[in-house]
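Lettered A, B, C, D and E in written order, each chain numbered from 1.
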Amino acid sequence: MTYLKKSPWLLHYDASSCNGCDIEVLACLTPLYDVERFGIINTGNPKHADVFVVTGGVNEQNREVIRNIYEQMPEPKVVVAVGICAASGGVFRECSNISGGIDQLIPVDVYVPGCAARPESIIDGIVKSLEILEEKRIQMKERAKQKEQGRSPGGGER
Amino acid sequence: MKPENQELRVIDTAHLIGEVEDYRNKGYRLVNMSCTRAGEEFEISYSFELDLRFENIRIIIPLDADISSISGIYWGAFIYENEMHDLFGVHVRGMNIDFKGNLIRTTVPYSFRNPSFRGEGPCQDR
Amino acid sequence: MISLTNAILFLLLAPIIGGLVSGIDRKLTARMQGRVGPPILQPFYDVGKLLEKENLVVTTSQNFYILSYIVFIVVSGALFFAGGDLLLVIFAFTLAHIFLVLGAYASNSPYSFVGAERELIQIIAYEPMIILSAVGMFMVTKSFFVNEIAASELPLILYLPGVFIGFLMVFTIKLRKSPFDLSTSHHAHQELVKGVTTEFTGPNLAKIEIAHWYENVFLLGFVYLFFAFNPAIAIVAIIVAYLLEILIDNTFSRVKWQLTLKSAWIVAGMMGLVNLGVLYYLAGVLI
Amino acid sequence: MIELPFLIIFPAIAAVLLLFIANETLRNAVVKIAALLIGAGTIYAFFTYFQSGLQLFSVPFEPASQIMFVLELFIALYILYVGIQCRRYLAVLLIIIQSALLIYVESVFVMGIHPEFNLFIDQFSLIMAMIIGIIGTLICVYALRYMQTYHAHHPEIKDRRRLFFFMFFVFLSGMFGLVFSNNLLWVFFFWEITTLCSFILIGYSQTKEATNNAFLALEMNLLGGVAFAGALLYLLYVDPSGQFLGIEQLLTSGYAIALVPAVLIGFAGITKAALMPFSSWLVGAMVAPTPVSALLHSSTMVKAGVYVIVRFAPVYTGTMEGLIIGLVGGFTFLLASAIAISQSNAKKVLAYSTIANLGLIVACAGVGTYKLVWAAILLIIFHAIAKSLLFLCVGTVEHRIGSKDIEDMSGLIVRMPKIAVMMFIGIAGMFLAPFGMLISKWAAIEAFIEAQFGLIFVAILAFGGSITVMFWSKWMGKIISVIPSGEKVEDTVKKEKWFVLYLLTALTVIVCLIFPLISSTLIEPFVMSVYGQTARLSQDNIVIMAMMIFLLMLMPFSLLLYRDGVKHVPAYMGGRPTTTDMRFQGSMGITRETALSNYYFEDYFGEKRLLMAGTALCFGLILLAGVLLTGVIL
Amino acid sequence: MSRQIVMPFGPQHPVLPEPIHLDLVLEDETVVDVIPSIGYIHRGLETLVEKRQFPEYVYIAERTCGICSFIHGMTYCQGIERVMGLEVPERAHYLRTIWSEYSRLHSHLLWLGLFADSMGFENLFMNAWKHREFVLDVMEETTGGRVIQGSCKVGGVRRDIDQDTLKRMNADLKGFEKGLKEMANVFLNDDSVASRLRGVGVLSRNDAYVCGAVGPTGRGSGVPIDARMTGYAAYGELGFSPVVEQDGDCYARCAVRVNELFSSIEIIRQSIDRIPGGEIEVKVKGNPEGEYFSRSEQPRGELVHYVKGNGTKYLARSRIRTPTLTNIPPLVKMLQGCELADVPVIVLSIDPCIGCMER
């Protein structure tokens, strides 16, 4: 089934952004943009989330936090890097404490451009990520099936 | 626009506490503390304000010197002092809340202490 | 005495009704907030998705508690609709909730732990009023059995107006609506992330969600009992009561546990008790 | 009728034997054999009498009463002695008043009186006897190992185990005597014995705190004793021939005479059952070794208090005095439950919960309709089993983890899985459907609605019941929260202890399953014989509850479903790096350990505050009863 | 045995879009200890002065914070202008004032929304953000950016607003104000909101002073600090006074911000009425040499941009002292002894902007 596409739950984390993208992510939830139309909810809890929305680049302190949150999300999951900072570090690329985009740490599926990214493009990015989410779900299911076959006595060697 | 007048006095390190106490007694509030590297020295500025009178005092210390905390006089000063320690490596004695270098963890320790690039020239390549 | 057909109907229909109610709730809430809101079927999509997700747990025993939670919610709901003893139904619901609380405790995470404590506060806040409601119904109809209460010709609401108001109050707590959503739901996340449900993922969360649906249908059934003398009025009453809850949800900020407990006990308890007291001494005259 | 004297006298013989045995192995053997015999005797008595209803017996041994009188004087002298020695003059004063009353009664009236039937047995006595004979002996067996470890852990406390087991068996004997005596003079004698046992056993460790608490218990119990003696005096005054000294005769005499003694004895029962305002002694008694708490202060001795009140329940029915006794019980239930929320010491929680439940039983008995008496007896049974199980679990845990604080029990399910499961069942037995206590509460609610002023009690039950949910479930939550770093410490628990714990756990569940049977064979005939009508749960509900219990027993098997294929991740800590052993990165660069503790709401349910309220309220009620009673007497 | 719960609050926490890190030590629900830690979004952007020429650095300054981005840029420019002795045209000053005040509206509305959310009042959150979109529309129309405008430059502003647009903006404010009044009524007079705010997180006047509270945090405690009184930009020519409340609790801070909304609208009206014609920028020649503490009033309080030029195109030092940084010590004071349920409310009541604070 394709329930995943109809009910993606977000988790937003501000890695080291200037707030511009963050408030635009929030603005998506509010009456003008209202992403709940598409079933999108901001959960605030990695264990419930499907889509990890990261803004801002990686620095020393949040490195482990991002990885930790990513690991606590159940499969299938996608990462959307919102804003130019999350993609490459953006204007802060050369700052003393920034080591670049999110993709150094975790696999990013969709990059949303902009400084700050506009709500329209953020929504677009998330909708794009849903296709990938669906693909990942199918892969996950196949993996599980293979594992199952591997375990059953007639299913070949382990 | 009416530009405001700003006073800046460079004082001796030894007089710091006395001066700050003076400001406190006069009812000034602490606006800011900031550190700047100037050559082989740190300039540390303390800014105070009372009824739109904005005054600064400055001490100049060698890179490895330590200064005494004013957090006993202005309780909130610890946040500046910890920050100064984490970014510049200035040692501050006697802070009321000492984060021991954990207020801001940086990739390079004391990242503001040693400017990596300065002056004219291409800046896009790291 | 107990109707198996009704129990089975409840088993099958309650999730559908509960899901739809929840969907309509979300839609209306969105409209009240000036938004378009999700499709009516959104809760089903959510649960469908959750069932497809991976099951992450802190400890394996969480699964057990949640399974027990939903099983006992379903059992007690079925018991209610089958016409069983109202007090037994209430106690069985408490049992189910204790399982949810234990599931939260089991994970030993600060958020779900505090959520569990708050859930307990909620339980002690609403439970007296629910029991008093059942007692009130008994005093009017002389029976604790749901089927007999439902079959009563007496307009319970006229005898039990105070009890009904008290019940509406705890209804808000039970539905986890603002201002009393202390322990979980989408509102409490500011304090406790997701409270009791923080450590549940995928299928477990789906079970909790479905259990909520069952529970909501049970609660609406409880409202029905007050108006059981006339099913048409009862349906209207249920709708009005639920709309009222949505309205309350949207016009209050969340209160703290102290106020929740105090208001639930004092307001609801007193409303209910005064009502019952009057009924008690007029019993000979009225009934 | 030989069973009854056997049950009364045999434990006393065993006790004397134990007083002289210093060898540990021998003592173990004697205790186990005696326990077995007493248990067997009880069961034998059960099968002999459970169908026969009320039976009265006369004791052929004439001087029995005189011996008791002499023993009573010895007890009084002993108390006088220790009271003066420890400068507890209140105790001295009370024992003097009580003895004076008693001597007066004996010398003026009793000399010529020989009530025909001194012993009796009916289903209610049988129930009590079963509790004493089975649970009591199990606790005795448990105490063997417990006291061994206890002295190993507390070398500073003098080893007086001979005295300990002597008192234990004397106590059993006293309890049997109490429930089998028809003669109130005899009841009074056994009553005093239990008071004495409690006094000595609370003071077992001889620390200052223990001695103080022992005296506190003594004083309050003596206060009840004085009232009891007053009741005897009144009865003999009304009818010097002494025919009303027999409980059975008194109850069937028509209630005009019975009311005054019933209320006085009810007051004695209130002190013994530690209802407010006398609850403090039971809480203080928790300094005693845990088996003492389990035996005396939860499952049996305090039940003697409610036993007499339930006995006299028919007298209370419909009277103002009965209502007041009921209210004292009701408020005690409400307030003691609330206080339990603010306690973290497991034994204190158990103590307050005991007080609360005794209060509930007294509330039922005080109002005293037939349905309520039925519910009260159910409560006595279920409470005795579940509570003794819990006490013994706490005792075992205490010796393994070195604390009886609930906060220290976190992750017990990992560290001591078997004990934790038993504790879980015990706690569930205390407040969850479909277990016993809840059934009784439910029955009580249904019964109260129809009683006079029942609405007050319904409200008390509704609120008190939900409060109960709070403190039990947070304890439950604490023991089942899974901590990954816990190391297993339960291998050292001895097999006797396991045996007792297993048996009690099994009893908790089995009694729930067969309670319809217990009800129909024991409780219903008793209630029927007293009131002429009886209560019972409807068939449907019993079936449903049985189904729920089976479902509950099936649920743990679902864990098998999740054996594999479940991915474990650490708990969510706001995104901070967390290790599996529950540490996370805290502020200032410190690695912190997760610390979780329950809520206690000290400001709302604080012990001091509520105790004061409860004491004032219940004291006022008792005064009111006293005033009413004076009116009746005059 | 201690009855304490250690509860991590943040860095990932639903109440704040930004990471702040507090270790809360609780007894029941009472907070007995708070240990803050920051640094999750420290970028070290002040070091970029080494790599960006001073006119370019405006972009960096603007991105100190995405919420009050315009004021950051403006304050930085004013510092440079002062060091270089540039006379900025009056019209530019007025335009800066107008955008500053729109920024304030945008920021306060955003804050009101989040604040409502922190008390679990979702409807109000949505409402506040709905109003905010009006402000963002004006921003987008006049500068081209919703949250980061890029319209300020050293020596003036980049864009002019034509007279018709100004007139329309003025007219639109009326409807906007009416909507705000309705919403303000809920914040200030609703019982359930008051039950969450009154008496919560009290900061005494003295504490506010000793800890260095600025902006609405200080003004809520009766400390009338408002850097706009120094008369930068066009503020010296406009009539307004700081909004001050005396109680020092969350309600007072909320009331300050709500009333500032109307004060801002008033300032915008005055500015539009009085705006002179003429140039919007001057030519910048040479490099800055000298230092200056440029102060301005951000929505969150007093902002200090310290600039020090050494006669090259690259500044020797830029130091941004943001209001949130100095409001952290008062926050620690306020959190002591509050309840768990109050933590989000109190944290938000200082309107933390972590992005600014850590730079």
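The rule is short, and it goes like this: contacts are C-beta pairs under 8 Å (C-beta built on N, C-alpha and C of every residue); 3 or more make two chains touch, one makes a residue touch a chain.
Here the structure is a predicted model, which means the values were calculated and not measured.
K.L.:
Minus chain E, work out the clusters of chains still connected through touching contacts.
P.N.:
Drop chain E and the rest stays one piece.
K.L.:
When you check each chain against chain A and chain D, which touch both of them?
P.N.:
Shared contacts of chain A and chain D: B, C, E.
K.L.:
Starting from the defined contact criterion, work out which chains touch chain B and chain D both, please.
P.N.:
Joint contacts, listed by label: A, E.
K.L.:
Between C-D and D-E, which chain pair shares more contacting C-beta pairs?
P.N.:
Top pair by contacting C-beta pairs is C-D.
K.L.:
Name the chain whose C-alpha centroid is most distant from the C-alpha centroid of chain A.
P.N.:
Result for the farthest chain: D.
K.L.:
Using CA atoms only, can you tell me which chain is the most central one in this structure?
P.N.:
Nearest to the common C-alpha centre lies chain C.
K.L.:
Using mean C-alpha positions as chain centres, tell me how far chain B is from chain E in Å, no decimals.
P.N.:
Roughly 23 Å, centre to centre.
K.L.:
So how far apart, in whole Å, are chain A and chain C when each is placed at the average of its C-alpha atoms?
P.N.:
34
K.L.:
Please compute the C-alpha centroid of chain C, do the same for chain E, then give the distance between them in whole Å.
P.N.:
Using C-alpha averages as centres, the distance is 43 Å.
K.L.:
Taking the mean of the CA coordinates per chain, how far is chain B from chain C in Å?
P.N.:
Once rounded, the distance between the two centres reads 58 Å.
K.L.:
Two-or-more-chain contact residues of chain A, please, as numbers and ranges.
P.N.:
13, 30-31, 43-47, 59, 61, 65, 69, 72, 74, 94, 96-97
K.L.:
Using the touch rule from the top of the page, what residues of chain C touch 2 or more other chains?
P.N.:
33-35, 54-56, 110-111, 113, 186, 189, 193, 198-199
K.L.:
By the touch rule stated above, which residues of chain B touch at least two different other chains?
P.N.:
In chain B, residues 99, 102, 104-106, 111-112, 116, 123 touch at least two other chains, as defined above.
K.L.:
What are all the touching pairs of chains?
P.N.:
The set of touching chain pairs is A-B, A-C, A-D, A-E, B-D, B-E, C-D, C-E, D-E.
K.L.:
For chain D, which residues count as touching chain A in their complex?
P.N.:
Touching chain A from chain D are residues 567, 569-570, 572, 575-578, 585.
K.L.:
Quick check on the complex: what are the chain D residues that touch chain C?
P.N.:
Residues 410-411, 413, 432-434, 438, 442, 445-446, 449, 455, 458-459, 461-463, 465-467, 469-470, 473-474, 476-478, 480-483, 538, 540-541, 544-545, 548, 551-552, 555-556, 558-559, 561-563, 565-574, 582, 594, 596, 598-599, 604 of chain D touch chain C in their complex.
K.L.:
Quick one: in the complex, what on chain D touches chain B?
P.N.:
Those residues of chain D that touch chain B are 587-589.
K.L.:
If we count contacts the way the header does, which residues on chain C are in touch with chain D in the complex?
P.N.:
Chain C reaches chain D through residues 1-2, 54-61, 63-64, 67-68, 71-72, 75, 79, 84-85, 87-88, 91-92, 94-95, 98, 101-102, 104-113, 116-117, 120-121, 123-124, 127-129, 131-132, 135, 138-139, 144, 193, 198-199, 258, 265, 269, 273, 276-277, 280.
K.L.:
Chain A touches which residues of chain C in the complex?
P.N.:
My answer: residues 26, 30, 33-39, 42, 45-46, 48-49, 51-56, 186, 189, 193-194, 197-202, 205.
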